[in-house]
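Consider the two complexes below, in which subunit A is the common component and subunit B and subunit C are the respective partners.
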Partner chain A sequence: MATIEKDSVSGQSTTGHEWDGIKELNTPLPKWWVYVFWACVVWSIGYWVVYPSWPTLNGYTPGIGLGSVVPANWTARGQLDGDLVAQKAGRAAWLSKIEASSVDAIEKDKDLLRYAMAGGKIAFNENCAPCHGVGGVGAYGFPTLADDEWLWGGSLADIEQTIKFGVRNTNANSRQSEMPKFGADGILKDDQIAAVADYVVSVASKAPAKGSAGEAVYAENCAVCHGEDGSGNKEVGAPALNNQIWLYKGGKDGVVAQVTKPKHGSMPAWSERLDASTVKLLAVYVHNLGGGK
Partner chain B sequence: MDTQTSAAAKKPKVDPTLATEGGSFYAETVMIHPRSVKGMFRTWKWWAMGVLLVWWHVAPFLRWDRGPGAPDQAILVDMAGRRGYFLFLEIWPQEVYYLTGLLFVAAITLFLMSSLFGRVWCGFLCWQTVYTDLFMLVERLVVGDRAKRMALDRAPWSIEKLTRKAIINLIWLVISAACGIGFTLYFGNAPTVLHDIFTGDESAATYGAIAVVGGCCFMLAGYAREQVCLYMCPYSRFQSAMLDEHSLIVTYEDWRGEPRQPARKGASFEGRGHCVDCRMCVVACPTGIDIRDGLQMGCIGCALCIDACNAVMDKNNLPRGLVTWDSIANTAARAAGAKPRYRLVRPRTIIYGAIVLVVGGLIAYSLASRRTTEVNVLHERAPLFVQLSDGSIRNGYVVKVLNMVRAERTFRLEVAGIDGATFTVVGGAANVASTDLVVAPDAVGTYNVFVTAPAGRLQAARTPLAFVLREAGEGQTTRAESLFAGPER
Partner chain C sequence: MSIFKHHAKLETNIFFLAVGILLTVVVGGLVEVVPLFSIESTIEKVDGVRPYSPLELAGRNIYIREGCYNCHSQMIRPFKDEVERYGHYSLAAESKYDHPFQWGSKRTGPDLARVGGKYTNEWHVRHLVNPRDVVPGSIMPGYKHLSRPLDYADIASHLKVLRIVGVPYTDAQIASAKKDVEEQVFSDPASSPAVAASYPKASIGSASGNPKAVTEMDALVAYLQVLGTMVDFSTVKPESIRR
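Take a look at the complex of A and B:
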């Protein structure tokens, strides 16, 4: 049992506890410190009462809440809902202005532009970035939105239209167009396709092979949509061919593949999924990614 | 150090605050009621308290003209506006290193002070000491000195005891509230905040701050007192690292005092020590220790025991200084009959002093050469670069121009490093080689900038690019280096 001894060096007494001959000096804690500890323990019990805590057989104790600070039956989801409502109220002043303004007016107003760039970035990253990449960097088959080539037009109005109704989808206003399957449907023979591919590659490097066999095939079959000089036609979404920007692969192989059996991308009509304000934010954001016309 | 060991051998040292009855693991806290003393150090303490409290409460009301639109409070921490104002200085959040530097200098100054003169900070300047002293003064005025206060504590509860205790606590509350309010005045326009506090128009945060600071003041200075120094404050624990045998500390000259024994009136002091064991030094001590046990953690260096002892020495026609500021080395020298040496200049004090001077000088230099413009350039990572249809390469940047002056300023932005590079500011000029940016007073101008390098102009995948900002008129130039990305070659 505990034998309290006096330590001759320090003059303090020991606690009386002994472990394998090791004894401990009794350096007593001030009582108030202990009281503070117990007060903290008592305080913590309050959490059981205020917040949901103890499991029961078919649920849990819901918590009585704490006045206006913590609602009764508090849940993390309920807190989030409340925060979202508060956030929406905080944004209301801006969103009502966005709602009432045209995209042109938004872009001309410095404050609205800043808001649209911030809000548009978040909406873009959530909805558009999976295909077009963060910052509109683009990917194979998904156009880069930061460069200056636009399939369907790069003006604010064009961009808003494309976001609203999308490309090649079931929406009545969707942008529609298809390139004929020149090879698969037997419109052009293999040697004709090879010739026109050679010509397109020469157009892309700004040195059209005048008088070549390909030029004739091009003028007959391609120029109606892609233009005499290969500058494309935004009315029908026909890409410009007279530069180094390719949606699919460039070079002869890529052109041959596309002419033989064209690939076509499609894009949802975002007006079916997002509200008009968000579409406006997106249009302004995309227009300002660097390539807007 | 020898003298200390011999003193320890005579009487085992026990920290009185740690003494326990009957082997309990928890010690009862006994309220300490020090007896008030008169003397030089007591006078200094009154002066220190007066100057510090007046400064604390008056400083927020001092004005400093910074021109229209800027706060005119000399010392102001503007949390909402993200600015710190100190006289002619206006610190932005990213310059918080000035505060770090200041705290560093303060810490090393504390070390220097301690290594020279012991815990003078604790004894004279610390807010815990100042407010505890003030609260004790209140007790003395309402109840009386040590004996009366102890008697009142022992007395059973009565109307009189209740009244006196209530008056004391009420005055403490007023002082504490003033302390808390004084704190909040540094964070807003002092006269307005003070007015709004009393009309109930201040924010919950202000009242919360008053409650926390005032509540701490009330509890710590009113009831916790020396317990703060003994159990909460880390400084008393590491003071021994700052002290050495040449530090001047509050010391009992035991070579002169021992053997102690009570003195009869008119008796000779031949063959005995000068200490008459009157315990005046013990009852005067605000932490309740016996300085005659030598240097110990409980001593906060307030020197009230020196005043107490000097009065007793005067009465007995003995020389003053039985308890005095002295070093451990000097005490040993005096005991051996050697000449005491005061060594204020020691490696330790030289190093502390040098650090204070160097860091203080660095702060002063950096403040003197502080720039009023800063440019931060963030290179857009997605897309890293874009190839345009004409073959040129474009990179996106976010350019932030920090205008740290309270006037609208116009800067001419140019890019350097790539021949023929042009840039476009979103919402501003397009495809230009230079443009003017107007930045609002005391604000950050944020611009999305697209820089385009003509086709074939890039030699490598990464080319250094600098954004150069030249202020209109005077021509202060600020550069921010960045990179221009292009395709791999």
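Take a look at the complex of A and C:
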């Protein structure tokens, strides 16, 4: 074996391999490919010099840079820091106005409003939509932001405050207050809870059962936060009961469960994660989802 | 170029081929290994990074067991778009007590390097049980089975093993490991139990709301809630972490 022959058709030599009379041509790589390969090898030498590359015993060769294109001692993180400065400068015309304006002023200025809606939407989808849903449609336990029913107030200032400091978290300024565990702590007896649940359901369907046993329990225990007429109190985040909007389960079962051992939602303090301008964009965006007061 | 035409001599002689392979591996190996000798300069000097609390460590083991790393990375790269979306880029120092690290290499879901504190415990639990309940378009599987009790009888030995590979757990921390698991779950979030002093920024309280048992859910959520929260970047000078 291994007889290398010249192939008469292509003019190439064979490799000398043969299988059942079929021989293999030893066709070299295309010239253009070989040239590109060697050009890349030469190019890499330039890279070693310009960029940090070779490890040494206690560090690496830092790279001498390339004029104004690549700084000496280039690092990916250094480049990022520069990119972020440039990006901030690019947005400065808008962001400086957002920073200097109150949320009310932003909403009144047509151009700023358009900017806030576009920027707010992006920030909302990344940070808020996982709980409140895309477009603020809400989910079980997470309030809808697109309607005009608000737990902690639906004015621009209220929304900004809620986004900044959150609800029932460890931030010192967060919105607090919890409903007492009327059942679990034995404040109300089971029959009282059943009665007040019946009454709350009647309030929710706009036909309060006047003179019922539940009304008396309600007046004594619930009205202080939820209001005589069940209209709620945004100062303490007490939801309105005189409508069919339920954060958790509605109906008698749902009310009994909540009065017995209340569930309480919480929300992070976004000022700990996002800058003040982003919070303003979010407040304006949420206010304009449909239900802003 | 004629020298390159003689490679057949190298490739068909078993001795020369073996020597050639050995030389290639030696050079490649040295280039990869030598930089590790100077690893002290690779890890940024920042404050706040601490070993995982025993509960977080148990959660981390569940994260690995369930293969979360297959779809979620924990590595925010130093690029503009990543920093805008996820927050400050990840530091080597932030995973210095991870054995093995969970940087991952594929994002079917989002990066989790700074997911700590981003959502509430309640959200995490509902999302883990059935992701569609809160994120309608999610393709993540549900992990309902995590509501079963956590097996943490041997948690102290996990701490001991990690100490062998360089994680600075103290004798006291190892001795109280089991107690710390229970304390982190069953303490009131508003209180400051001993475990919070031992492991600052640990998420205190029961995520699953099960008053009788420490669940796997509690452990996993405690782990998720501490991810990326240990370093306070407002106190870090950008120049000091450029590498």
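The rule we apply is simple: the second predicted complex is superposed on the first by the 205 of 293 C-alpha atoms of A that agree within 3 Å, B and C clash if a C-alpha of one lies under 4 Å from a C-alpha of the other, contacts with A are read in each partner's own complex, and residues count from 1 in each chain.
By definition in this document, a residue touches a chain if its C-beta (ideal position, glycine included) is under 8 Å from a C-beta of that chain, and two chains touch if they have at least 3 such contacts.
These figures come from a predicted structure and were not determined experimentally.
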item: Touched partner set for A:Tyr47, first subunit B, second subunit C, both or neither; value: neither
item: Touching partner for A:Phe37 - first (subunit B), second (subunit C), both, neither; value: neither
item: Partner chain(s) touched by A:Leu113 [first = subunit B, second = subunit C, both, neither]; value: first
item: First, second, both or neither for A:Thr75, with subunit B first and subunit C second; value: second
item: First (subunit B), second (subunit C), both or neither touched by A:Gly265; value: second
item: Overlap of the subunit B and subunit C footprints on subunit A, listed as residue numbers; value: 133
item: Residues of subunit B defined as touching subunit A within the complex; value: 12-14, 17-18, 20, 23-29, 224, 227, 231, 380-384, 386-391, 394, 396, 424, 426-427, 446, 448, 450
item: Touch list for subunit A against partner subunit B, complex; value: 4, 8-13, 15-16, 26-34, 107, 110, 113-114, 117, 133-138, 144, 146-149, 240, 243-245, 288, 290-291
item: Residues on subunit A engaged by subunit C in the complex (per definition of touch); value: 55, 57-60, 75-81, 83-84, 87, 126-127, 129-131, 133, 139-142, 169-170, 265-268, 272-273
item: Contact footprint of subunit A on subunit C as seen in their complex; value: 31, 34-35, 37-38, 41, 78-80, 83, 85, 87, 89, 117-120, 122-123, 126-127, 133-136, 189, 238, 241-243
